[in-house]
Each structure stands twice: as C-alpha cells, then as structure tokens.
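Just so it is clear, A, B, C, D, E and F label the chains in written order, and each chain counts residues from 1 on its own.
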C-alpha cells in the first residue's frame, strides 16, 4: 500500500468514506493536487506515529476553531473526532477550554457547528 | 480551599511557581482583575474535569500557535506542557500536526519558542 | 440580585430579551456553562463601572469587526448598540474609523450586517 | 477626467460594470464615503503605475485568501482576475502557492469560490 | 489649511509631535505616500465629525489590540489615548472589556504595552 | 536530481545559500521533517511551472504581510524577492497595494522589514 493509498485509508477512517469522496470530487477538476496533498498529510501523521488519532483530531478541531472562517472544515473534523472515538463531552470541553485564549465568538461558532453535527448522529 | 486558591495551586502546578508569580506581579498594579480571572480559568477547567492536564496543555499550545503573536504565552505553556508530562516529541508533533492547517510561519515560530524552552530544561 | 441575575438583566437591556433567550436556548443542551459565563461578563463590566454602556458596545462592535467571521455576533451587538442609544451614524462611523487599521473587507462585511439590522428597526 | 472618474473607469474594467454598480448601490444610503474611497484606491494604484493590472489582481486575491472571511470579496476579485487576463490556471496556482504559508482551510475556501466563479463564465 | 496640513495638525495633537515626525522620517525614503495617507486618515476622521477624539482613540486601540502583531502601533496610540484625555483607567478597562471577545493573549499583550507607556508618562 | 535536491537548489536560489543553511540548522535537532517539507514546497512550485519565480515571491510576501507575526519570514522572502529580480519599487508597491485590504499596521510592519533588508543590500 503506497502512501496515497494509506492516506486514503486513514482519511476514510477519520472523516468517513462519503466525506472523503466529496473532498476528492470537489477538487478533481480544479486542483487535484490539493486532494493528493491532504492524503499525504493523513499518511504522514500516522507514519510519524507520535500521537494517536484522538489526539490528532483534538488538535485539529482546536486549530480550526482558533483560526476562524472554518465552519466547513469544523463540520468534517467534528464528525471525524466522533469517528475516532472522542465523546461529545470531550469535543465540547475542547472548545470550552479554548475560551480564555480566543474569546466567545470563535468558541460559540464552533459550538454551533458541533450542535449541528451531533444532531445528525 | 476556595476557587482562587485552587486556581493558584493548579496554575503553579502547570506553569511553575515562578512563572505564576511573574504573571501576578506583572498585573498587580495595572489590572489585578486579569490575574484573578486566569486563576478562575485554571480552577474551572479542573472542576469540569473532562480533560486531563496533558490534554489541556496540548489544546492550549495548539490554540496559541494558531492565533499568532503569542510567543510570550507559548513560552509559558510549552514549559507548562513539559511540567504536566508531555514529552518533547509530543509537543513538537503537536506543532507539526498543525502544519497542514496553518502553514509554515505559525509552526516555525512555535518551534523556535519550543527550542528555546527545551534548551533551558 | 446575584451576579447571574444582574448579568441577565444587563444582557437583556443590551441585546434585547428575545436575543438573550435565544443565546440561552442555543447553549442549554450542549454547553450551558458558556451561557452562564456570558452573564458574568455583562455583570462584571457593569460592576467595574469605568465605561458606560454606549462605550462598551462601541468597543464590542469594533473588536467583532476586526477579528472577522463574527457576522452572528455583530448582528446581536449592532442591535445592542442601537438599544443602548448609539445612533446609526455613530455605529457606521465606528466602522469607517476602523478602515485605515483593518482595510475594506472587514469594514464592508460589518457595514452589510449593519444595513440588515437597521432595516429591521 | 478627475480621480473619482478614473477610479470608476478602472474599477469597472477590473470587476465589471455590474459588480461596480452593486458596490455603489450597497453603500449609497449607509456609507457612500466608502464607495468613494474604493474608487480612489483603484485610481491611485494605476497612477503609481509600478505594477500592471494582472499583478495587482494577483496580489489582491492572495491577500483576500489569507485574511479569511472574505468570500464576497474573493468572488468579485477572482472575476476581476479573469477580467484583466489572468488564466484559470494562474488563479488556481496562486492559491496553491499559498498552501505552505496558510494551510488548507484558507486555500480550500478560496478554491471553492474560484470554482463557483469559473462555472459562471 | 489644506487637508494634509490639517491631518498633520491632528496627528500631532493625537500621537505627539515627536512620534508624528518619526512616522514621517521612517517612511520618507521608502514609501512617502503612506505617510501622506495617514495624514488624510486623521483629516477625514475629523471632517466627518461624528465621533470625538476620545472615542476615536478608544476605537483605535481596540482594533489594534484585536488584530495582534501591533505592539508598535499600540505604543503610539495608547500614548495618543492619553494625549486626547482618556484616563489610564479607561484605557485599561477598554482592554479588559475585550477579554470575553478575544481572550487573554491579545489582552495581556496590550496591557504590557500600556504598562510600558504609562511608566514613561 | 531528486525532489529534495531540486528543492534545495531552488531554495538556495531564492532565499540565498546562507539563509537556506540557517533554516536547516535551526530545524536539524528539533524537527528535521519541517526542513524537508520546505524543500518539497520549493520543488513542487517549480515543477507545476505555472508561475515564475518573481510571481511566486510576490505572492509569498503578500501572504506573509497579510497574516501578521511573520517578521522573520518576511525578512527571508523580501531578500528572496530581490534575489529573483523584483525591484525595490515593485516590493514596496506590492505592500502599498495591500493597504486598502489590510490597513496600515500590517503594511507598515512589512515596510519596516523591507527597509531593514534593503539597507543590508
């Protein structure tokens, strides 16, 4: 299994097969190189092997919450966080923990996306 | 032990007694309410009890890296991450994991602070 | 009247009773602690008493405009600015004053929200 | 031709007559000074004359991608980039070139807007 | 008195004659147009006349605090805020009021600059 | 010549051999994977071949200016911009062109770095 195949396997395990296919489809005709690069990112994070999938998704949703204008990405990775085994309480607490560092607007935006994702599960 | 005393105990455990005193001293004459509020933040995170100290520091250094212009705070919390038991490899990997989400400048700035903190330990 | 009750009274006076109830309702089942914390923020700002409500809302809409990805929060606090007695001209001028510091995109986004809020009043 | 007339001529050449009129219309009753100021920006950039229109739009879409929460402005300036002669491949490559500096979320958001604009042309 | 002269007069009144000269000197050989443009910004804000100087400086230090990486500009405008008559307590409270919206790092960075400026007065 | 060797060749051509060695040295003991990844970024940008080196450095300094807290990276890439043939006037105009989109603080910070770099050449 080469690094792209391995990256795909992990991306599917994290964000789900359907979301993974949507990423590929959305980039296929305009910037397929970006799809390839996301696969590499998933492959490499696993190969380095220092952090487990739960830790990686916890970091991912934290950085997405913090930078703002990432509702789309948060939607995918909050589902990803659930998929790799983080509980709803852990996801919400991750966001609440960010409050003293980033303030209410970023945190409440992320909570609103979490609510939407939780309601679909 | 009231919430301020408990917050102080945890703040000292995380960032170290000396750094904790420096925070208080820097705010004492200009905005002591901000010092009190950081104590509450440490107290409340522990009372909610959903995440352990390692997870909380991992989230903290991630959000600091992401927002930028936080070298001072990263210095304190990378030391904090070491203090609560995260390894150097875990701290560095946390930063590397952010690369696909925030790009090189934020990550390299955080790595430079980590290097400085590691060299003092 | 305890600090939560006082915070609620001020939050209702600033953003309106209906918006205040929507905030509570949106957080009730997922992160009620965040609702409580916004009440404390309103309570504490008033207790410190250094700035009046108009000044506080002027600062609030400025910081929201500046950080971006805050259309939801701007909608609430532009209405809040009107509720505490800032005129439309003062709100618009607050945004225009930010132009040299943040550029057109942030300012025009805020103006678009202001237009929407003004049209509902 | 005064500087406002010249600014209008260039703004129309870059973003198109219809989009230019929409900008004016959206600001006419709330903050007409901002409309005037965008005209001056277009006028002055041309008068300084150091960079050509293609370079200016390449810089513009780069800064918009980077700051985030600028979908509206990107929509206008990706069309502007096409109008002044940048190819689709150059626009997409501009965004891909930003990836190492800003990460996936900002780049994928800009690519999504580009896709939408390209589909209308 | 033309608009540049008026802008200079106000800039000197706000940030002080010495700081105003330093701005001009720093831009004289590399980008004098930027110096001219800051003069226009000061002139125009006054001509529109909706907000007084205290309100304008309060907005300015708020937007600077919020965007980060603005220690230099905060240094100038915290002094400016004092020059136009805001008290130390009002400046500090402006920063504290931002806490729920932007979090500790931005606020503590601004407080540190304020402390430095206050100590020079 | 493999992709790392090619990346190194281009990185040296852009930022200079000495700066390239400093990047490697700064990462060698803490996160060598990040050094490897910057080489790949330089290699890939050239292989895609859509934009020339001048355009790529123009985009790079624009995105660095915009995100803030990037003085270190701007120092390297303003020198890089000179190395690939952009004139001082083009670099300064790139920054001035960003003014309407990002405001004075980001632009003046970048100008200050440019001045420092120009003075060393």
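To be clear about the criterion, a contact is a pair of C-beta atoms (placed from the backbone, for glycine too) under 8 Å apart; a residue touches a chain by one contact, two chains touch by 3 or more.
Nothing here was measured: the structure is a model prediction, and the numbers come from that model.
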From the listed D-F, A-B or B-E, the one duplicating E-F with over half its contact pairs the same is B-E
Farthest CA centroid from chain B: chain D
Count the touching C-beta pairs: is A-D or D-F ahead?
D-F
Greatest separation from chain C - chain, by CA centre
F
Copy-to-copy rotation (chain B on chain F, CA atoms, range 0 to 180, rounded to a multiple of 5 degrees) logged as 120
Once you find the CA centre of chain A and the CA centre of chain F, what distance in Å lies between them?
29
Taking the mean of the C-alpha atoms as each chain's centre, how many Å separate chain B from chain D?
40
I'd like the Å distance between the centres of chain C and chain E, where a centre is the mean of that chain's Cα atoms.
23
So chain E residues touching two or more other chains come to 33, 37-38, 41, 48, 64, 67-69, 73, 96, 98-105
Give every residue of chain B touching chain E within the complex, in rising order.
26-27, 30-31, 33-34, 37-38, 41, 64, 67-70, 72-73
Chain B residues touching chain A in their complex are 37-38, 41, 45, 48, 50-51, 55-56, 58-60, 62-67, 73, 89-90, 93-94, 96-102
Seen from chain A, its contact residues with chain C in the complex are 68-69, 92, 95-96, 99, 104-109, 111-112, 114-115, 118
Residues of chain E defined as touching chain A within the complex:
98-105
